[in-house]
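These notes are about the structure you will find just below.
Just so it is clear, A, B, C and D label the chains in written order, and each chain counts residues from 1 on its own.
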Amino acid sequence: MLAELKGLNEECGVFGIWGHPDAAQITYYGLHSLQHRGQEGAGIVTTDGEKLTGMKGLGLTSEVFGNGKLNDLSGKAAIGHVRYATAGGGGYENVQPLLFKSSHSGSLALAHNGNLVNATQVKHQLESQGSIFQTTSDTEVLAHLIRRSGHIDMKEAVKNALTMVKGAYAFLIMTETELMVALDPNGLRPLSIGVMGDAYVVASETCAFDVVGAKYERDVQPGELLIINDEGIRSERFSMNINRAMCSMEYIYFSRPDSDIDGINVHTARKNLGKRLAVESEIEADVVTGVPDSSISAAIGFAELTGIPYELGLIKNRYVGRTFIQPSQALREQGVKMKLSAVRGVVEGKRVVMVDDSIVRGTTSRRIVTLLREAGAKEVHVRISSPPIANPCFYGIDTSTHEELIASNHSVEEIREMIGADSLAFLSVEGLIEGIGRPYEGETKGQCLACFTGRYPTEIYQDTVLPHEKA
Amino acid sequence: MLAELKGLNEECGVFGIWGHPDAAQITYYGLHSLQHRGQEGAGIVTTDGEKLTGMKGLGLTSEVFGNGKLNDLSGKAAIGHVRYATAGGGGYENVQPLLFKSSHSGSLALAHNGNLVNATQVKHQLESQGSIFQTTSDTEVLAHLIRRSGHIDMKEAVKNALTMVKGAYAFLIMTETELMVALDPNGLRPLSIGVMGDAYVVASETCAFDVVGAKYERDVQPGELLIINDEGIRSERFSMNINRAMCSMEYIYFSRPDSDIDGINVHTARKNLGKRLAVESEIEADVVTGVPDSSISAAIGFAELTGIPYELGLIKNRYVGRTFIQPSQALREQGVKMKLSAVRGVVEGKRVVMVDDSIVRGTTSRRIVTLLREAGAKEVHVRISSPPIANPCFYGIDTSTHEELIASNHSVEEIREMIGADSLAFLSVEGLIEGIGRPYEGETKGQCLACFTGRYPTEIYQDTVLPHEKA
Amino acid sequence: MLAELKGLNEECGVFGIWGHPDAAQITYYGLHSLQHRGQEGAGIVTTDGEKLTGMKGLGLTSEVFGNGKLNDLSGKAAIGHVRYATAGGGGYENVQPLLFKSSHSGSLALAHNGNLVNATQVKHQLESQGSIFQTTSDTEVLAHLIRRSGHIDMKEAVKNALTMVKGAYAFLIMTETELMVALDPNGLRPLSIGVMGDAYVVASETCAFDVVGAKYERDVQPGELLIINDEGIRSERFSMNINRAMCSMEYIYFSRPDSDIDGINVHTARKNLGKRLAVESEIEADVVTGVPDSSISAAIGFAELTGIPYELGLIKNRYVGRTFIQPSQALREQGVKMKLSAVRGVVEGKRVVMVDDSIVRGTTSRRIVTLLREAGAKEVHVRISSPPIANPCFYGIDTSTHEELIASNHSVEEIREMIGADSLAFLSVEGLIEGIGRPYEGETKGQCLACFTGRYPTEIYQDTVLPHEKA
Amino acid sequence: MLAELKGLNEECGVFGIWGHPDAAQITYYGLHSLQHRGQEGAGIVTTDGEKLTGMKGLGLTSEVFGNGKLNDLSGKAAIGHVRYATAGGGGYENVQPLLFKSSHSGSLALAHNGNLVNATQVKHQLESQGSIFQTTSDTEVLAHLIRRSGHIDMKEAVKNALTMVKGAYAFLIMTETELMVALDPNGLRPLSIGVMGDAYVVASETCAFDVVGAKYERDVQPGELLIINDEGIRSERFSMNINRAMCSMEYIYFSRPDSDIDGINVHTARKNLGKRLAVESEIEADVVTGVPDSSISAAIGFAELTGIPYELGLIKNRYVGRTFIQPSQALREQGVKMKLSAVRGVVEGKRVVMVDDSIVRGTTSRRIVTLLREAGAKEVHVRISSPPIANPCFYGIDTSTHEELIASNHSVEEIREMIGADSLAFLSVEGLIEGIGRPYEGETKGQCLACFTGRYPTEIYQDTVLPHEKA
């Protein structure tokens, strides 16, 4: 489904490299392959061994770094970040990596994917001790904790600081002479390491490795701190309280189909979810279609298992960008629609299975069902390749509050009626777990299913706020 | 396949409307749905019954008309145009519609899809009589012919001028009080008319009708001149020498899958081409994949007929725009690739059928085969859902010269070796004709197959030049 | 006085050079020194002997040619143009030089300072013969006349065309191999030639020569056509009906103080006008102040002759540009004023002589008198270093219509009351003629005084329109 | 003289207002009138009583706040800042006002004109205690001192912080509910207060009051802290160790001619300096000319006293902006010069007195003398309306190091020879003191003359660095 229609957004993607003469360029290409994880802003910080140099801006990576600007970033190592589009707030200051210069103790750059659930509490305490915050980002909290830790050794300062933050985080932390990589004790966000000749690379998704020509090594482990410098790579543990709980929405919706997470290819996982969905809720129909782009794989799986032909029943306009002009209400009522089109020649007179990956508020599903009916579909059967999302996420996904989540307040039959479908079925939680088929033990197979089940892998602080409420 | 990689580009798309208070807005949305036909520039001219107002610019429609600029275009009727990206040349002046103001005989706006094969000859003659040309576009020739025709009646002046130009054209011609629509006697380019309440709309592709909420009426006929004004619509003939020869590349590659041409849906035609291709050149393999976006339909058809699973083996990066930063040669050799990725999790260790719609120069095919092999494909079998392109196009498609067309100089086996595939097969000309299945009589079923067969439906002038050589 | 406040604007400045390897760069610097003559747009066309290359845009020269764009203009010769800011209209198309390419007879570039009084008549006739005009500029008329002249020899074609246009013009006409320079038979606009090593330069004002390091040779003569090419320079006459009538506003207001016109330095002329003004209308006062920038010289002259100290009583804000934000009406009434400030420390309690160069509508004068009074001036005596402007200009100065010219409808005493001055005096026509002191015979000493006297040196066509009404 | 040529720049201008519904707009106009004090960047922060809202950017005020952006700043009070153009460094982060938001103790905005001489020492100490600095600006030091002071009462926290910083400062400090205004104990920078109806205004120069229609009340006193809120204005002292030492360069060069400092009008002061200079170093000559813009007043005074006519011998091009294209070295040698022109018609064959306000490195003076000679001046006598600058400034003026100051290393006769003048004279220190004529007791009459005499009014810390070395 279309992120911009759904209000289901992740906070970021991160990429880092140590030991390559074209560090900034490679980071740029890496970020470019992670662009689907955030389009609001992008930044890169490099080190040449003696000083950190940063560049960041609002917009796509190609806008921020185009026109030769990338050439101003030299050095043998770099970290980069892409940030997702919040409704308002944020702005330039919050674009990462955050870069902190100091006349006293060296500089520090931070890039963060995830969300800290105790950021408000820690920030309040630090401010009462005289700290000044420049951003509204939870990421800055870690920088202050590092600076105030009292440890002279940077690694110890970082470890100390990490023990004080809770929630979801994949952190890249760079000084003039080191790149540190940390994943939270639940491993809620994906993060992998690879090699590229003599250089080490780290990225939110493995698709970045393929794009830059790096070789995937392994996923970073929960509670692991990697220290990379000119002498090589070292792995340490900063937490012993480990409990893998990888976000299942990464498989369902966020990650690129060509990425692997814990060894499972995302496209393959989605196709399997589509097959499980077909098994759980088969239906007689003439065509199967997926909502582009993220539901295509599940739709192919559904079609393959049922033998119903897979068709391009919905077309996404490739030229819908941020400067796009929305039709007025009057024109919308007249039928002007810009982002998605139903293919009349495919659906007219047909019983259509429309496969989508998830339903958040339900408004988009209703619109797509209407599109298909206007194009002549005789029946529209909606099949969702994940369970109902009934609980908000506190780990970096900008879903919504309980009030906005349609499945938090309505039965499946009510939702079916609201979106105007002839039938509606969601995948079961068991189907989800089995469909992805992660190589982990336990009931959840090391996945976070909190948005479906309400069982959160970490403590949730009383006043935890969603990212989009903070700015 | 990716237009930008292939050097196979069409000149334009046109859209017009008469009789709607939001004429400019609707034209904008219409052009937006035709954006795939041209990304270099866009323009709209409106009439309020008394004067023409124009706006145009380089870039995408959303860039040209964003930020409220569209509001400056009022009136009850409009014509618009999207122009494709030439290597250099052209620039602002050549962006259409061309608008000619006159203190003497009213204003004139022209939008043109196609290419005139005798433009050079006519232009030379007009200049020798003192005419001054402002653009390097062949379209301007028609304006001069209209102005110099001596006919006081605009309709007669237009008819007279049309008899003097040869080649491919879908023309929208607007004055303060009329919209004229003309299609060349061979009907080489698609052009359809529809209604939207009391308003008439005309567009290069029917997908534009769905997007703006209009109802498709019929395709414009070869040699037909439509005159639309406040009193209604009138059809006349300006040529009796009619011989339908619709460009077959519109089905194969250019048009949007949700458009219909002469009643045939484009996605369905492509899927059928994929099926015919499977019949003609079946192969044992593990997965079928298509080169996004234009070859997806053919790949689905190929998979459906053979029973080999269809997979997302290749992923296109959605964020590759015009400001995109190309990797340096050194980085390219290191494996940095930005536009297209092979999905390792899908192709590793597999025998892959890679379906593409056409091969022009062969360089892109070679690159994609390499991508798949680097991602671990055991075998790569290339299947092309059209015959070899062995002849240049003179009707508005910027293919290449004979020298550049790989199929003009090499056998299929030679091409296979050059692109590094394990096997290669093209669709036959008969398979193409039958696969599309146009409802016309005759050997070609009213299609232009010149680029495959070398049999051009019009005279070709000695010094006809390709569009990309003119600027 | 401030051009933007007064609505007294000239159409342009022109610069040309033949025979220098850095032709475009030098033209840029020349245009930069003529920027006061027009800020709406700028353009340069170069020739390398084989083809013309053009670049133009809206805005200041530094905006149009900045960021390395100038490097795209190579060649040994160039012509350039700066265009003044019209209220609306015009736009990109009308920015000069106009460049006409032809497949038949070579290309042609035109840059024009002045205004043709029979442009409407000639244009109408050309359109009735089938010509198409691309701009609303009167300049394009000459291009069509040249192309239609039937002469194969370009020089004869230009001469022939020049005999058909009437009014004020300094034309630079460039082909691949020649630069032609023409001045109207009345020599209404200034135009000078100089040398720069082996190169020839031509400019609207001599200040451009000083800036580029060229040596002034002489002023172009009325009715003269200069042909400059690789073999040298040749002077011919295209009209025998010569009657020098140089625009006196060039001395009074438009030209830069460091320019010379017909051998008279502009600053010196203005200072002399100030002295004559002092003789004609002396007054008892404490300080003399001029309205920056154009009235400073006259104020210095007034002070020098009377012995009253010259002071900076009015300060112009140097940072008022086009993007400047105007105060709202409410804030204006509260006293917010941005462009001009009165210096309280200088005028408080004083009897102030405020010297200005002209009054057009009177609104600005009233504002400045108010400014001075609010800053504490005891008396404000306004002295104008030119006679009352009672008639519109048809030769390229965008004054106003009769209705808007305050002196066209009111006596000096009425104007004094309207602007709130304690006394008001204008310079006499005789004082103007003597003050400038041109080295010409006759009553007007070869000056155009039409805006003061209503005696126009050329025929005025019935429907002549002012430049700002045309767009 | 031209700031950009001379390398003599001040750090900033500040403006504040409390109690006006259009606070942001008025601050914008105030900053616009202070634009000469800094063109690198500008910012405004407003309060509506409950929260602070900020906007800032690189460029001129009109660029930063244009296009309706100002409307986003609502509230009854505002502070603003303009920042001067440093060679490189600084950038967006350093643009002021600095805005510090806190979830704990309210927000804080700071605008600063001046330079703290112990910033490095204090910053080092704060960082060693865990503070993180976001800017390289000395201004941020004060924010950290306030936050760490331990005082709950903001006024006490500010007073406490002010006692810890040394050097030159005019501070505007705004919270949600108060505007605090502080001037250093030496009063090195100008700062005045005024009223505008019920609102209070504060500005670096009084010209801002005239522009916004405010009434000047008095200058802020050294060591004074003003607290302005909805209940009115209160004055307190934060230091008892007061010793007025107003920067004399404010009179000589920086401030606008229409500003008053300690009751002395700047234009009048400059004119008097010109007269004293004439008395001290009279010379036989034909014309007097000033280097625009800042030396015009002194030149007028020189001319008035000597009776030698004042002329516009040098013209500054008004269109030299930041995007201006510099001539290449080759073209410069050919004589292309863009910023300043000598008026041949005025200086040719004349003995010229060229009055300038100061000499820093001498390079500009040499260029101007050359300009005058190339324009035909027979003799060039340089007269400087201030004493030789032999010592660097540590209080916010970006002069230069000792090494760069020509007068630090050379005698007057040596300088004369280096700049190529026929004669050269500087004003004496006594002439400077008497010429300005400040209403203060004591040898220096409450002026800082350190750059002339080397006697600094404050302690100078060992590692004090010049502002332009910090970034």
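As a convention for this text, a residue touches a chain if its C-beta (ideal position, glycine included) is under 8 Å from a C-beta of that chain, and two chains touch if they have at least 3 such contacts.
In this text, all values refer to a predicted model and were calculated from it rather than measured experimentally.
Each step here moves to a touching chain, and the least such steps from chain B to chain D number 2. Averaging C-alpha coordinates per chain places the centre of chain A 61 Å away from that of chain C.
Each chain gets a centre from the mean of its Cα atoms; for chain C and chain D, those two points are 36 Å apart.
Averaging Cα coordinates per chain places chain B and chain C 49 Å apart.
Multi-chain contact residues, meaning those touching two or more other chains, do not occur anywhere in chain B. According to the touch criterion at the top of this document, the contacting chain pairs are A-B, A-D, B-C, C-D. On chain C, the positions that touch chain B within their shared complex are 92, 100-105, 120, 123-124, 127-128, 130-134, 136, 143-144, 147-148. Per the touch definition, chain C reaches chain D in the complex via residues 22, 25-26, 28-29, 32-33, 35-36, 39, 60-63, 65-67, 70, 196, 207, 210-213, 256-258, 260, 264-268, 271, 293, 296-297, 300, 304, 309-312, 315, 317-321, 323-325, 327-328, 330-331, 334-338, 341-346, 375.
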